[in-house]
Amino acid sequence: MIEFSNWDILRNLLLAARWTVVLSLVSFVGGGIVGLGLLFMRISRSRWPRLFAGAYVELFQGTPLLMQLFLAFFGLALFGINVPAWLAAGVALILWTAAFLAEIWRGCVESIAKGQWEASASLGMGRMQQMRYVVLPQAMKIAIPPTVGFSVQVVKGTSLTSIIGFVELSKAGTIVTNATFLPFTVYGYVALIYFVLCFPLSKSSQYLERKLNVAHRNH
Amino acid sequence: MSLIEITDVRKSFGANEVLKGIDLNVEPGEVIAIIGKSGSGKSTLLRCINGLETINSGSIQVAGAQLAPDELHLKALRLKVGMIFQSFNLFPHKTAGQNVMLSQMVVKKTPKPEAEAMARKMLERVGLAHKFDAYPDELSGGQQQRVAIARALAMQPMALLCDEVTSALDPELVQEVLAVVKELAAEGMTLLMVTHEMRFARDVCSRVVFMHMGRVHEIGPPAEVFGAPKTPELRQFLGAQH
Amino acid sequence: MGYVFDYSWLADYWGVLLKGVLVTAELTLVGATLGVSLGVACAWARSLGPRWLKPIVATYVELIRNTPFLIQLFFIFFGLPSLGVQMSEIQAALLAMVINLGAYSCEIVRAGIQATGQGQFEAGWSLGMTRFETFRYVVLIPALQKIWPALSSQIVIVMLGSAVVSQIAAEDLSFAANFIQSRTFRAFESYIVATLIYLALAILLRQLLRGVGFVLFPRRSGR
């Protein structure tokens, strides 16, 4: 049996962790764009877009991410495409992230006081103008801490893509474990790398929220 | 021996010394009003007597029980003095009756039927027997404060500390609470109250303490304190009241 | 597309699905009960407990919240045996869920305690209750009531997250779906059915938790 040094293990894991980072970024940015679309549908004044976005959010928040990954993987295959794991992983994570971000942002938009809508309407602004100039700028400010906070969930969510065969940090952990028979050490390192990725995000989300609260109290 | 003996009590919050050596003895049955500007340390003094704030030096004794920061001593002390808060602090998930029963059962291990009988008696005493099953959010501020008084009385304390008990009330509700306090005083309960109700202090109290800058600045019977204030600070304080 | 959906396998395999549902339900109910209890204990420790305990609990909470559930599960199931701790798949799954929910509910309950306010503590203390008695009889129920919706969402998240316990061969609902697709080669249909069952379970669980809320907190919050 080949001996593996700690450095061998860590190096292999770190190489794979790059894909965790890439997939997290893609999911977060893609999910943000789709989520923004969903948000506008969710707060639109016409009934059907609202219903659609509501059902979408319910569906993606009410089912396991793992099932969504399987459905993306096998569902895309139904179209006769030979689906690489990274594609199914990216699609599923983007759709999943979008649902959560849309819901977080809706809460922020709805927390803007009714008086702001009324005041801007009384100044003759149209709905889009109200959104663009009055509501969104305020909502965006309070949306930042929970959005950063959710990015932690995205990073952790990417670990499930290992199950459909995408080689990122978790999959690499399993592969290295199978080669070294050192599950305690390897998964310990894997956890540590995730922690290093997530902890700064968690902390900055908390920091931003505290800052926001202080700013609000001073008003 | 006095019921409450406060000797050279000092208390700081960080670098800010709020109590700068307080001496005060309270005899059984006395009704004492503590007056003074906000920030003069009067609420802090009350909270120290109940162990809600730890003192930096000096000593506080209530009927022989010494104030010490450990739970056993605190409990012994708190069984002797009850406290009424400005914001009532009723337990929102319990009815008026349950509010009065809870600490009897938890702290004194009183069996439920006896605790309930006591609760009915105490609510009766504050004129709220019919509100036994009402939740705090179904009561007016004045009624809530009267329940809080009944809750403290049910523990059969030797003295009551009242921290601005009418300050959070709408003006029309102040009198019903003061009436209850006045009755307690008439029954011989020892009361130590921080208050802004000068007329009440004048009519009901045996002594008035004027606190200024963390010290007892002037002390005496109400006729003296209100009628012939000795220091310019007290004169100014009383003048500002009108 | 030429694909024809086929659900005829349901007739033969509904028993497998049912068994999976029961395991998922059992894991969720037991896991949620123990996990929330752990969370309450940790919330007590972090806000009112002895000073030496606070950093320990804080470290536990941060470690769990900043690593994936899957890795926690693998660490427990594959890693701990090398320290001599042996567990069945179900035990490992349950332990991972309890530890995970414990950390999240700690922070949620702690927020509830903070929102309950100092006045309630002081009222309890001034009546002679100890710190623990005040927490138990005065603060806990209103605190839980304030955060019950957030806690309920977290429990649903843990139930959905439990789908990955199939990866250590705990025979839950997702395990059943894997099993069925490996036998029938109807992968998409298997996962669609399992997904819909999860959705139904999530909706059911939310209602159940609402009901528990009505029992635990017969009073609507006053403010």
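Assorted remarks:
As written, the chain order gives the labels A, B and C, with residue 1 at the start of each chain.
Going forward, a residue touches a chain if its C-beta (ideal position, glycine included) is under 8 Å from a C-beta of that chain, and two chains touch if they have at least 3 such contacts.
Owing to the predicted nature of the structure, the values given are computational and were not obtained by experimental measurement.
Under the touch definition stated at the top, chain A and chain C share no contacting partner at all. Sorting all chain pairs by how many C-beta pairs they have in contact places A-C at the top. Mean C-alpha positions place chain A and chain C at a centre distance of 20 Å. Chain centres here are Cα averages; for chain A and chain B they lie 54 Å apart. Centroid to centroid, with C-alpha atoms defining each point, chain B and chain C lie 45 Å apart. None of the residues of chain B touches two or more other chains.
By the touch criterion given at the top, residues 59, 62-68, 70-71, 74-75, 77-80, 152, 156-157, 159-160, 162-163, 170, 173-174, 177, 182-184, 187-188, 190-191, 194-195, 198-199, 202 of chain A touch chain C in their complex.
Chain B contributes residues 50-52, 71, 74-75, 78-79, 82-83, 85, 87, 89-93, 102-103, 106-108, 135-137, 148, 151-152, 155 to its touches with chain C in the complex. Looking at the complex, you find that chain C touches chain A at residues 1-3, 62-63, 65-72, 74-75, 78-83, 156, 160-164, 167, 174, 177, 187-188, 191-192, 194-195, 198-199, 202-203.
Remark: chain C residues 119-120, 122-131, 133, 137-138, 141-142, 145, 217, 219, 221-223 touch chain B in the complex.
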